[in-house]
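Working notes for the structure below.
In order of appearance the chains are A, B, C and D, and numbering begins at 1 in each one.
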C-alpha cells in the first residue's frame, strides 16, 4: 500500500518519475514542436499535427533501421548454415517487428488526412513565404517526406534500392557532412538484398541445389511436351526460358527486371519447394516475410500518393514533383520492389505433383498428353 | 434464472434458436461451400478459403449497394433544400457505413494472402482443367473478381463509373437475362455522381453562387497581379483558367479529366469555403465523404493488384489480363476516381484570407505586391 | 529540372533540408534514445523499441491534448448557439482527429507485443537493478504507462475523469513543480465533460426542452399502461424512473453511476430524437463522437492489459500493480467512461413511433393495449 | 483480344460467368437476406445490415473451424516428432490464417456500430413483437451472438473451452438433432488444448526435459538464496513453488487457474528457453501463436461487449443477459483464455543468464549475493 511520502511501489516519487521522464528524455521529445506559423505571428492550429506526425514517422524510421541493421548484421557475420539453423527465429522476429511498425506507419496516413485541404493551404502559404525569399505559388513539398527524410532514404538503401532503381529526377542531397556520411555508408554497405542473395546462393550450393534444378528443368520440359497447341507451347516455353536460361535471366537483371542473381533465385525456388523440410521451414518464411515488407512499403507509398493528391491537388506545371515523384515510384514500374523476384516467384511455380497425378480422372492424365 | 426445460430468457429452445438459424437462413449461407477440387477427387484445403472469402466479398458488395441505393434514392426524390436541411445526417450515416465496410473489405485482402503461391498453383491447375476442355497454362482469373463479379460492376456503375472511364479491353458480359437486366439498369439509372452533380448545381444556383464566384475570381486576379515573375504568373494563370474558364473546363470534361459540370464544381468550391455556415456543415462533410469512398476503393484495388501479383506472378504473354487489367485500373489514370474533381479540389483552393492579412509582418504584405 | 549544384525545386540544398531537419528538430527527436542496458555494459536490443514506442505514445498524447484543448477552448469561450451553428464542424473535425490518433495508438500495442517475454525479462532485470538500490524481483512497472505518464494523466483529467472515478490505490505523483502545476491545472480547469454538460443544459433550456420532455414522459406512461404483466410493468417503470425522476438520477450521480446533470442528460435525449433537424445534425454527431472517443480509450486500455499480462505474466504477491491496476480500470466498473451516460443512452430510448403505428398488423396494435 | 461473341479470355460468356456465380453459389448467398420487418409491413433499412453482418460472421466462423479442424487433425494423427520436424510450417500457416480472419472479425464490429441506438430500438421492437407472442420490453438478445451461434460454440469447444470454464447462467441449447450431434461431437472430440497438451508432454519426455528441469530448478534456488530480505524471499519462493511443485500446480489446475498438465507446462517452458534450436524454432512460434489467437478472441469479445452496451444500453432488471453474459466472459476471470498458461508464461521466466553475468559491473554481481 502507498506509504506516506511515497507512492506506487514504495519508491520515492522522484526516483520513479525521474526515471520515466528522464529515461524517455521527454524534455527533448516534447520540447521539439515549434510552429513556424506561430513564430511569424499567424499561428495555424494544424501545423502542430503536421510537425508531430512527421516526428512520429522519423521515430519509426529510426526503429526500423535499428531492426534492419541487426538483421543484416547477423547475415553478414554468420555463415549460411548457422543462420539457417540457429538465427532464423531471431531474424524473423526482427522482421515481423518491422512489419508491425510498417502497418502502423501505413495507418498513420489517416491522421495526416484529417488536415483538410483548405486548412493546409492556409498554413502552407505562411510557411512558403517565410521559408523562401520569393513568394510564389510553388508547392513546398512538405508531404513528400519520401525525399526530404534522410532516414527514409537510408532505410531504402539498406533494404536494397539502388541508384539505378530510382526515379531520376529528384536527387536527395544531404545537408551536412554527418548526413552525407551516413548516406554514403548506406550506399556502400551490403544491403539486405545483397546479403540475402549471398545467403541464397550459399544455400543452393550447399544443399544439393543442382539436383533440385535438374528435376525442375525436367518437369518443365515434360509439361511443355504435353502442350499440343503450337503457339501456346511457344509462349509457355518463352516464359520458362526466362528462368531456366541464365543468359536470359542476366539480361533481365541488367534491365532491372530481376534483382537477384540466377543462382540466388534458384536457391529461392528450391527453398519454396522444400518448405516442409525442417531445415528450410523458417527460411521459407523468411522469403515470404521479405515480400510482406516490400508490399507494406508499397501500401505506404500508395496511401501517401493519394494523401498528397488530396492535400495539394493536381497542379499542372508547378515543376515541383511531390505528387508526380511519389506516384511514379509506385505506378511506373516495380523498381521500388526490392525483393521483386520473390514477389513474382509464382511466375516460376509449377504444381508440386503433375506428371503422374495419383487418384485422378483418367481424362486429366489424357489431357496432359493431348 | 434459467428454468428447467428452458434456457436463456425462459423461451423454449426451439423458438429462440429457430429464429437465429432460420432468420439468417444459415442453411443457405453455410450450405454453399462446395470445392471443385473435391468433386474431382483431388480436394485442396485452401479452396475452401478461396470460396468463403469471395462469398464474404459478395455479401459486402450487396450491403454497399443497399446503402448506396438508399442514398441515391433520397437524392433523386427530394429537392436540394430538403436534402441539405433534413436528409444530410441520414445520407452521411449511410455513407459512413459504406466507408466502414470498405475498410473491412480492404483488410480482407490479408486473408486471401495467406494462400501461398505454391498451394494456389496446385488447386488452380485442378480448377483450370475441369473448368475448361483444353488444358493450358492460362490463368483462371479467379482473383480478378473485379470483373467476374456482377455486383462489383453494379457498384461501380451506381457510384458513377461510366463506359468511357473503363479500361477497354475487358467487357463484362452478364450470364443470364436477369443479370443483364440489372447491369443495364445500373447503366441507365442516375448514378451517385450524376445526382451529386445536380444537387451541387442547385445549391450553386440557389445559394448566391454567383456572388461567391465573382469574389473568388477577383481574389485570383489579385494574386496573379502580385506575381512579378513572368513565367510563374503565366503558369499560375493557366492553372486557374482551368477552373475559371468554363470552356476550358468542358474541354477537360470531354477528355475525362473532369467529372462534374462547371456549375457543380463551382457549387462544391462554394460549399468548401462556406463550410462553417450552419446550412453547409453537413454538405461539406458529404463532399469529403465521397472522396473517402473513392480513396478506399482505390486502396482495395491496389491491395488486390499486389495480391494477384503475389499469387499469380508476372507471366508475360498469357493474354489473360487479371493482373494487367487490375493494375491499369489504378495506375494508368484517375479514370476510376468517380469524384475526381473533389479529390483534386485542393488544386483550386487559395488561402482564405490573403489580400489583407491581419497582424502580420510588413514584409509579408510587401511581398504580395512584389 | 535539377540544376547543377541544386536539386529538387532549384533551391540550394541547405535551404531545403535545413528546413526539414531543423523544422522537425530531429536532432532532439532522434537524439533521445539512450539505452540504460547499454550504459551499464549489457546492451539489450529490444530496449530501443521499448524507448521508441513510449516516445511515440507521448508524441500522440501531446497531439491529442492539443486538439482537446482547442475543443474545450471553443466550448468555454463561445455561447451555446454560436457553438451549435458555427463551431460544430470544427469541433467535430478536431474530435475526429483525436479518434484517428486513438486508432493508431490502439494499433501500436501490436508493436510492443513483438517484444517476447523472455527478452523482456532479460532487459527488465538489468533496468531494475540499476534503477534501484535494492535488487529484487519487483516488476518495474514500465508498461503501466497509464500511471507513469504525466500527459496521459492530463488527457484523462481534461476529458473529465475525476479523482472519485479513479481506482484508489495508485496516486500519480508529479516529479517536479512544473509537472505539478500542469497536473493541478488539469484538475481545476473545466473538463470536456463539464463543458459538454453546460452546453447540453443550455441547449435544453433554449430549445423548448420542456415540451420535448413532457412528450417523452407521456409516451413512456402510455407504454407502461400497455404492459399487463404486473412484475414486468414494475421492472420497466423502475428503469424509466431512473431517467424521469430527477432525485433518482441525482442519487445515481452521487454514486458515480451517472456523469451528467439531469438537465444535460435530458438535453442529450432531445438532441438524439431531433437529430434530423438542421440545427441538431452536427450536435447529434458530436454526442456520438464523444462515445467513440471513450470506446477507443477503453480498447487501448484493454489491449494494454493483455499486453502487460503477456509480458509480465500473473505474479501473485508482488504488490506491484501494473497489471492489477490496469485491469481494474477496465473491468471493475465503468468509472473510466467519461461519457458513460451517452454510452448508455440506449437505455432510455423508446421507438420513435409506437403509439399509433401506421400500416401495421392489427394484432400489433391490439398487443399494445393487451 | 476480345473476339466477337466472346470476352475476356475468349471463352463463351456463359462458361466464364457461369463458373463464377455457380461456383460461389451466389443464388444461395445473395438470396438469404429477408427482413422480418419487411414481412410485417414495417421495413427497417438497418435490418439488412444486421442480417448481412451476422451472415459474414457465420462464414468466417465456418472458415476458422475448417482451419482449426485441419490443425487438430494433424496433431491427432501424427506423432510428436513428425509434427515438430515436418508439419509445423503447415500448422503455423493455418494458424496464421485463423489470426488474419480474427483480425477482420474484430474490425467488423465497427460496421455493426454504424447502427445507431435509436434505429436499433425501432426495428428491434418490430422483431420482438413478431417473434414472440407477448409484447414486452425484453431485449431480444440478437447481438449476443456469442450464445446464439452454434458455430461459435463449436469453435470455442474445439479450441478447448470446457463446460466448467463457462459462465453458468446461459446454456446453449441446440435446435435440432443435427446441431445437437455437432455440439456433442465438439465436446467429445479432442480439443486443440488437449492435443497441444499431449504434444508438449511428448516433447518434454523425448527431448531431455528432465535435465532442463533440473537446471531450471537449480537456477531458481540460486536466485532465491540470493534474496536476503526474508519476506521477499518467501513471496518469490511461493510464486515459483506454483510451478516447481506438481501438487500445487494440480491444485490450481482443479480450480481452473491452470489449463495444461504440469508435464506439458514444463515442456512449454523448455521450448521457450530452447527457442533457437533448429528443432524448436517453429514449435516456439506455435506456442506464441496460440496466445495470439486467444488474445484476438478476447479483443473480439471486448469489442462486442462495448457494442452491445452502446446498442442496448444498461437496462437493470431485464433478466436478459446478453450484455451481462458477454461482459462476464471477459472481465470476471481468465476462464475463456484457452491457453492461459502460455498467456501467463512470463510468470515463470527468469533471465537467461543471471548467475554469472559476463562483462558486467562488479556491483551487479555483488548485489546478487546481497
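One rule holds for everything that comes next: a residue touches a chain if its C-beta (ideal position, glycine included) is under 8 Å from a C-beta of that chain, and two chains touch if they have at least 3 such contacts.
If you're wondering where the values come from, they're calculated on a predicted model, not measured in any experiment.
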| item | value |
| --- | --- |
| Any chain in contact with chain B as well as chain C | A, D |
| A-C or C-D - the one linked by more C-beta pairs in contact | A-C |
| Turn needed to bring chain B onto chain D - CA fit, degrees, nearest 5 | 180 |
| Chain copies touching (chain A, chain B) - same or different residues, decided at half shared | same |
| Counterpart interface for B-C, drawn from A-B, B-D or A-D and sharing over half of its contact pairs | A-D |
| Mean-CA-position distance for chain C and chain A (Å) | 34 |
| Distance from chain D to chain C - Cα centre to Cα centre, in angstrom | 27 |
| Per-residue multi-chain contacts in chain D, two or more chains | 116, 275 |
| Sites on chain C touched by chain B in the complex | 84-90, 275-279, 281-282, 284-285 |
| Chain A residues touching chain C - in the complex, by the definition given at the top | 1-2, 7-9, 11, 13-21, 23-26, 28-34, 36, 45, 48-49, 51-56, 58-60, 62-63, 66-67, 70, 93, 96-97, 100-101, 103-104, 107-108, 110-111, 113-114, 116, 131-132, 138, 141, 145, 147-151, 169-175, 179, 319-321 |
| Residues of chain C defined as touching chain D within the complex | 40-42, 116-118, 120-122, 125, 129-130, 134-137, 223, 226-227, 229, 232, 235-236, 238-239, 242, 272-273, 275, 288, 291, 295, 298-299, 302-303, 306, 309-318, 330-331, 343-354, 357, 359-361, 364, 367-368, 370 |
